[in-house]
Amino acid sequence: MSSPALIGSSGDSLREAFGKALSALADEFPNLVVLDADIAGGTGVHHIRKSHPGRFVQFGIAEQNMMAAAGGMAAVGLLPVVTTFAVFCLRAIEQARLSLCYAKRNAKIVASHPGLDVGPDGGSAQCLEDLAAFRAIPGMTVISPADATETALATRAILEFGGPVYMRTGRSPAPHVFGEGHKFEIGKGQIIRDGSDVTLIACGAEVARALAAAQMLEADGISARVVNMATIKPIDRELVARCARETGAIVTAEDHNIHGGLGGAVAEALAATVPAPIEFVGVADSFGSSGEPEELAYAYEIAAPFIAAAARKVLKRKK
Amino acid sequence: MSSPALIGSSGDSLREAFGKALSALADEFPNLVVLDADIAGGTGVHHIRKSHPGRFVQFGIAEQNMMAAAGGMAAVGLLPVVTTFAVFCLRAIEQARLSLCYAKRNAKIVASHPGLDVGPDGGSAQCLEDLAAFRAIPGMTVISPADATETALATRAILEFGGPVYMRTGRSPAPHVFGEGHKFEIGKGQIIRDGSDVTLIACGAEVARALAAAQMLEADGISARVVNMATIKPIDRELVARCARETGAIVTAEDHNIHGGLGGAVAEALAATVPAPIEFVGVADSFGSSGEPEELAYAYEIAAPFIAAAARKVLKRKK
Amino acid sequence: MTALPHAIPKNGPANDIAEIELGVSLEAQLAEAARRARMHCLAAIFHAGSGHPGGALSCADMLACLYGAEMNVWPSGADDPLRDRFVLSKGHAAPALYAAAAQAGFCDPKEALTLRKLGSKFQGHPHVLDLPWVETSTGSLGQGFSVALGMALGLKLQKNDARVYTLLGDGELQEGEVWEAAMAAAHHRLDNLCVLIDYNKLQSDAANDSIMKLEPLAAKWSAFGWAVTEIDGHDVEAILSAFRNAAVTTGAPSVIIAHTIKGKGVPMMENVPAWHGSVKMTREQTVDALTALGASAGEIEDLLNV
Amino acid sequence: MTALPHAIPKNGPANDIAEIELGVSLEAQLAEAARRARMHCLAAIFHAGSGHPGGALSCADMLACLYGAEMNVWPSGADDPLRDRFVLSKGHAAPALYAAAAQAGFCDPKEALTLRKLGSKFQGHPHVLDLPWVETSTGSLGQGFSVALGMALGLKLQKNDARVYTLLGDGELQEGEVWEAAMAAAHHRLDNLCVLIDYNKLQSDAANDSIMKLEPLAAKWSAFGWAVTEIDGHDVEAILSAFRNAAVTTGAPSVIIAHTIKGKGVPMMENVPAWHGSVKMTREQTVDALTALGASAGEIEDLLNV
C-alpha cells in the first residue's frame, strides 16, 4: 500500500518555516496556543501539533468561530495564533476586526496560501485582497516575510509583539533570499541591494523576483535598489521617503491585487512625504487561475521581467 | 399607548433616499429583488417591502448566506440587491468575493451605516474599513454618493450597470449638496467648486464638509477646488491627474480609515500619473466611539476645519 | 436609592462580601434588583436619545441573577483569574448590562446614565477597553458566543475552574457563527460554558416566526450536543434552578432557553417590535414606563433630572 | 471509449435524447458511468500533479445518478431556464464533477484531463466563467449551498419548476454558513432544493469525529426543518429512490445523507485521510488505482498517455 506525496509539506515553503519555528518557540512562550480549522497540513502547524499536542486546538472547518474564539483565549491569558489559508482569514475578517482588534487582543493570525503562489487550486483559493483588507483595520499590524529565514524570525517577532498581527506565509517552495545574519524588525524595511536610479520595493514572494529584476536592469546599465518591505503596516515611511529622495522613482511588487496592498501603502506614504512616480507590479484587478506559481507569475505579470519593465517605465517618468 | 420615534427613518439620510429610489425603480427593473437581513428599517428597504412585497426577500440575521445566495439569485436571472450595515457586509466579504465577483454576477451590495456617521451605536458598528476591503476585490465597483439626490441617481446607475457593485449610503440626516440638475456617472468625479491652489477630493458625508472647508479657506485667501469623487473604484484617474497638474496639492477626505480607501485610491492614481503631495483626512487608524456624528467628526478630526487645516498643510508642501 | 443585593463572591476577598438584606429572600432581592435595573436602563436610553429598550427589558431578570447570585464576580476582582466571565453576546442590550452591573456595585449608576454619549465609558455596545468588568467587546451578533467559547476552552486548558456565561438573542441564533460555536463547545465538552437564550420571540423587525423560524429550538440545541433547560426567563427561582442544573452537568455545555417577553414590565413596549430599537424615548414615554415599573415620583426625578 | 449513458433530458429538445444501451438496466449503466468517472478523475489528478482524490471518489456514484438520470439537464441546454441546476459545494471534488459531466456528454473527456493546468477550462475548483454547464464557482466550503439556495428561491419567485441539487462534504457541515442556509431553506419551504451529503466520515486532516463531531447528523437536519433520508451513497438504486422521495416532498427541502467511503473503489485510498489532498499521484500509484477500478491495459494507456 503506497502513501501519497503531500505537496509542499516539506521543502522551503514559508508555511513550513513558520510551522517549524512555532514548534521551536513553543517552550519559550508557555501561553502559546495554535488554532487550526482542519488544515494543519496546509499551514504548517502539524509540526507543533506533533511536538506540543497540548498547544494545538482544533476548531473544524469554521473560521469565524475560530477567529473570535481566539479573542476569548487571549482574554484569559493565552497567546493564540489563528492559522488557515489567507482567503479563509478573509472570511473571518469581521471577527478579526471586532473580537481581536477592537478589543485589542494579543492574538496573531497567520495565513498560508496567499496570492498566485497558491497555484493549481485556482482563483477561488488565491487571495489577492488580504493585505489591503487587513491593513484597513485600525490597530492591525500586517506582515509578509520574503523567505524561510525571515519567516522564522518574523514568527518570533510577532509572538514577542503585544497586539494583533496578520502575517502571510506562502505555499510553494521559495528561494532563499537571506543568509544567517538576517535581522527582522516589525515596521522596518531594509535595503537588500543598493542602487541609485530606481527603488524596487517588494514583499513576500516578490522580493526574490525584485532581486532578479535588479540583475536584469543592471545588464541594461540601470542601477536598481531593492527594498524588502516585510511590514506592510505600519509601513516604514522614513525608508520609503528616503528611497524616493535618493532614487526618484519607485516600483512596488507584490503577489496581491495592485489596489490597496503594499503598493497602496507605499503610495500613501510617499504622497504624505516625498511624492514620486510609482509603477505598481501586482495582479491588475483580476482573479488568478490554475497553474504552477511560476507560470502564473508570468501569466499575471508579476514575474521578474515585469518588475524590470515597470522599472524602465517609471524611469521615463522620473524628473 | 404611544409608539417609539424611529431614528433616521424619515428625513434626508442617504439610506432613506436609497430606499425610496429603489421602490420607485422597482417597476422599471422587473427582475429586481431586495435582500434583507432583519434590518430593513435601518437600511431603508422597508419602502420597497411595502410598495413591492413580492420583491423583498428576508434572510434573517445571516449575512453570509444572504450574500452568497444573491449570487444564486443572479444566476437564475434576477437582479439582487443585498442590503445591510457596512460592518455586516464586511462579515460576508468572502462571499461577495467568490459568489459575486469571481462568478461575475450582476448583483449589488448596498451598505448603510458606514463610518462615524453611525453615531451612538459606537465603534463596533462604525465601519471604517469597507472602502478599502471591497476595493481590493477584483472586478468590484465601489461607490459612495454624497447626498440624497446623488444617492437616488446612483441607485438607478448601479441597477443599470452590469456587474457587482458595493455602494455606501448613510445613516444620519445629511445636508443637500446637489440641486435638481445633478448628473451621476459611475467612474466619473466632478469638480463641484472650482479653485486653483489646492484640490479637496471627497466622498460621502465628507463632500459637504469639504465644501464648508473650501469656504473657510476662501476667507483666508486660499482658492480650493472641491471634487466629488463618488466612485472610489474605478477611480477617475484623468480627473485626479488633472487636479494635481492644475492645483499641485491634494487633500482627500473620507469617513473611513486613512488607509486604503479614497485616499489610497487617489494616492495610487497620482503616483501612477502626476505625483503630488496629499494630506489624508480620515480616521487615523483608530476605532470610533459613541457620540453624535457631528461630535465624532470633530473628535476624530474629519470635520470641515480639519479638512481646511490639511489644505493649509499640504500647501506648505506644494512645490 | 436603598441598598440592593450585590454580587456574592465565592472566592473573592473577604472584605468584599456584599450586604444581604436580612429577612428578604434572595429571590425577592433579585427580582427587586431586576426591577431597578429596568428603570435604570430606560432612564439611560432616554438620556442617550437612542437605544434598544425592548431587548434590554427582556433579559433584566437573567442579568440580575447572574450578577446578584450566580456568578463568582465582585467589583474589585475584575482582574482576578478565578472570576467567572460573562459575555453579553446580544451587545445591543448594553444598557441592561450596565444597569445590572451598577446594581451589583461594579459601576456608578449615575455615571452609567451617560450611555452613548461622546466620551462616556458606557458605549452603545459594551467595550472591554472602557470598562474593566466588561469581558469583551460585542455588538456584532454571534461573535460574543465564540469569544465566550474561547474563554471557556482557554480556562479548561489552564485548569482554571471559573465558569463562563453568555447571553444570546433569539434572532442572533440565525447567525451561522452561533452553530459553529455550538458545535465546537459540544465537541470540546465545555461543561464550564453556559449559554442563556433570551427567547423573546421578536427580533429587529418582527417575530422570529416571520423573519426566520427557529423552532424546534430545543431540538436544535440537543442535536448539537447541548444539555437543554427551558424556563420562564422572568422567574427568578427558575433561573437560579437552571443555573444549578448547568453547574452539575458534566461533559457537555448547557443552554438555558429562557422564554421572555420583549419590553417586559412596560405595557406599551411588551411584545411590540417597534420598541426593539434604535428608538428615541420622549420624556413622557419614559415617565410612563418608569411609573409602570413602580417608580416613585422621587425616583423618577432622580433618574431623569441628572 | 465505449458509449456511456448520457443525461436524459425531460424537457430538452427531441434531437438531444441520449442513447440508452438496450438490455442493460439504468442502474447498471449508472454504476458503470461512475466507475469510468472514477478512472477519469484519477487520471486527471495524475496529470495535474495535484488534487483531492479521496473526496472525488466518494461522490462519484451520486454524480453519475444526477447527470445520468435524475437531473433534467442536457449538453446543449446549459442556458435553458428550465434546466435543473447542480452546485458542487464541496468544490475540491471538481475532478469528479468534470468526469461525471464528461460521461454525460457535457465536455470532452480528453480536454478535461488538462485539469489544473494553466489556461485550462478545468480549474482546480469549478468556475462558472470557464464552463457554461458549471452553475457557479465554488471552492470555499459552505458557499455553494447558499448559492444553490439562492437559485432555488429565485426559481420559486419566478414560478420556474426546475429543481436545484447541491453536494456538500461532511466536514463542510462545520461551516456556520451551512446552518444559515439550512434554516433559510426550511423557512422559505424550498421543496425544489435537494442537498446531498457525502458522508465519508473524513475531512482534510482526519475523521470528523476527531476534528469536530457531527453526530447526531440526521437529528440536526430534522431540527432544522428538513426532510431527511439516509442511504448508502454507493448504492445507485438507493440514490435514485432517495431522489424520488425528495421529488414528492412538499413544503420542505430534502437532504440525502449518503454514507460513503472516502477513496471508494481504490483499496489503498479507502478511508485513508492522507488521500484527501492536495496530493501528487505517482504513475505507479495511478496505474494501481486504475487497475483496481477494473481498467484494461488499453484504457490505462488511453488515460495516461495523452
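We just call them A, B, C and D in the order they show up, numbering each chain from 1.
Keep in mind that, in the parts below, a residue touches a chain if its C-beta (ideal position, glycine included) is under 8 Å from a C-beta of that chain, and two chains touch if they have at least 3 such contacts.
Everything quoted here is computed from the prediction, not taken from an experiment.
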item	value
Labels of chains that are neighbours to chain A and to chain C	B, D
Each chain counted as touching chain B and chain D at once	A, C
Separation of chain B from chain C, taking each centre as the mean of its C-alpha atoms, in whole Å	35
Distance between chain centroids, defined by C-alpha means - chain A, chain B (Å)	29
Rounded Å distance between chain C and chain D, as computed from the means of their C-alpha atoms	46
Multi-partner residues of chain B (each touching 2 or more other chains)	59-60, 62, 64-65, 87-88, 91, 94-95, 98, 102, 123-124
Residues of chain D engaged with two or more neighbouring chains	127, 137-140, 142, 174-177, 180, 183-184, 187, 212
Category of the chain touch graph - line, ring, star, complete, other	complete
Sites on chain D touched by chain B in the complex	81, 85, 87, 127-129, 135-140, 142-143, 146-155, 157-158, 160, 176-177, 180-181, 183-184, 187
Touching residues (chain side chain B, partner chain C) in the complex	1-7, 38-42, 58-62, 64-65, 87-88, 91, 119-125, 289-292, 295-296, 299
Sites on chain D touched by chain A in the complex	48-51, 53, 91, 115-120, 122-125, 127, 137-142, 171-172, 174-176, 203-205, 210-212, 267-268, 272, 274-275, 278-282, 284-285, 288
Complex contacts: residues of chain B adjacent to chain A	87-88, 90-91, 93-95, 97-98, 101-102, 123-124, 128-129, 131-133, 135-139, 233, 250, 257-261, 263-268, 270-272, 275-280, 283, 285-287
Partner chain C, residues of chain D touching it in the complex	142, 174-180, 183-184, 186-187, 212-214, 216, 219-220, 222-225
